[in-house]
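Below is one structure, written out as structure tokens; the observations come after it.
Letters A, B, C and D mark the chains in the order given here, with residues in each chain numbered from 1 onward.
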């Protein structure tokens, strides 16, 4: 089963319409991705950036929002590796209200592997490739 | 010519990779949209929500990022009405570094017109339709 | 012992100096306060605002920062009720790096009890007073 | 007269109570400080950090909030140099609603001068000292 990270909608996440400010969901996605690295890929994200000197900036983003969320909502953010190429990794996200079966938000982002010292595109390093494959296998079960 | 709003990348907009945290661009888009209502549609966004009781939550979002931005970059965010239906409006965004011709970021979001009291979808009110049409005409020139 | 809430410093919490953007700590304080209500006062904060129609805006804030924090740091935010008057409550905060004894950040904020419908100051309601007293007693042990 | 920076309260700056989320004011302070460096000290803040390798993290913060602010409010943030020592600079802030004489928010933060390469405290460099003195003189007029 795909990895899920629990997030609580906070007082300050709300906008003037009384619902979660939509850019905030992209922050939730990133927080869940950080947890995904730690929990599913077995390497924490600070280590990826600081030690391995790899960054994963987003080059494409697509998201569908079907229902607003409010202060106090508890949500689960599912993260999975959708696919990867030589230098890019696509992550998929689904947001569920706790206890519900249908996702309220679905999205994915395409990231590219950057050398943090040169800010140039590089091939996904072998140690990361291996973990991405394993994570895809696990999630498919 | 399409409307553009000037935004400065701020010290706190930066992430651990030293570039603008990508969810922050969606905030920039929203800020530029607020300016677009005021300047191009002739009604400020607080009035839309508070007086006309209309909200425009995002239901679909798509963005391409081709180049990172850094602290101190000055950018222009172009906003235009791409299309509208009975209850939905699609806004398009392009981000330019000051003085450059090629956009660094291109995106659009589909919003739906909500009655802020019932949170139900409603037809775009006539006063707004008229302004959207005029803004599309102006931008096309 | 005083209540503590675990917070992880996130990728997007960092500023251009490579450390946590200091306004972000006030967000951490608020998140910890939300957890404090739920865990120590026995009422979740959404209920305080939505059901009891009580708000607690900050009227005074004081904070000392002795050490920067970085991406990946795990911290505990201690929250306690410092004192209260007829209409005001002062909350105290201390931020600890996991496993360390000396706080890196110390702060407090004075909040006032507002009727959320009139936005006028009101006396702390009896149900909340009782819980504040109990929480102060528990933390003192 | 002291420097003032214009800020508009944005849709996403609002919290679940329908007013500006108070940590957001500290972000406004920082944005105004960035403008203050550019406009009053004659050096833009990215240059201070990137070229001169000087950082100014906040070590003490104090703020009084007397009135909530709402979406659409236009405010001016006054910034001035309150005092400085060998390694520290205290900046003062006052927030005014456009056209009003009494500040709604008053605050100050003490910052220390850091060498961005070593993250050690250093004496305020001569080029900055000179400008701080001039700015204090101008504001006093």
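Note that contacts are C-beta pairs under 8 Å (C-beta built on N, C-alpha and C of every residue); 3 or more make two chains touch, one makes a residue touch a chain.
Every value quoted in this text rests on a predicted model; they were computed, and no experiment measured them.
Within the contact network of the assembly, the step distance from subunit A to subunit D comes to 1. Among the other chains, the CA centroid farthest from that of subunit B is the one of C. Averaging C-alpha coordinates per chain places the centre of subunit B 28 Å away from that of subunit D.
Distance between subunit A and subunit B, defined via averaged C-alpha coordinates, is recorded as 24 Å. Of all residues in subunit D, those that touch two or more other chains are 11-12, 16-17, 21, 23-24, 27, 30, 46, 49, 71.
Taken as a graph of touching chains, this assembly is complete, with every chain in contact with every other. By the touch criterion stated above, subunit C contacts subunit B in their complex at residues 11-12, 14-18, 21, 23-24, 71. Touching subunit C in their complex are the following residues of subunit A: 8, 10-12, 27, 30-31, 34, 44-47, 49-50, 71-72.
Here subunit A touches subunit B in the complex through residues 16-17, 19, 21-24, 26-27, 29-30, 46, 49, 55, 57-66, 68, 107, 116, 119, going by the rule given at the top.
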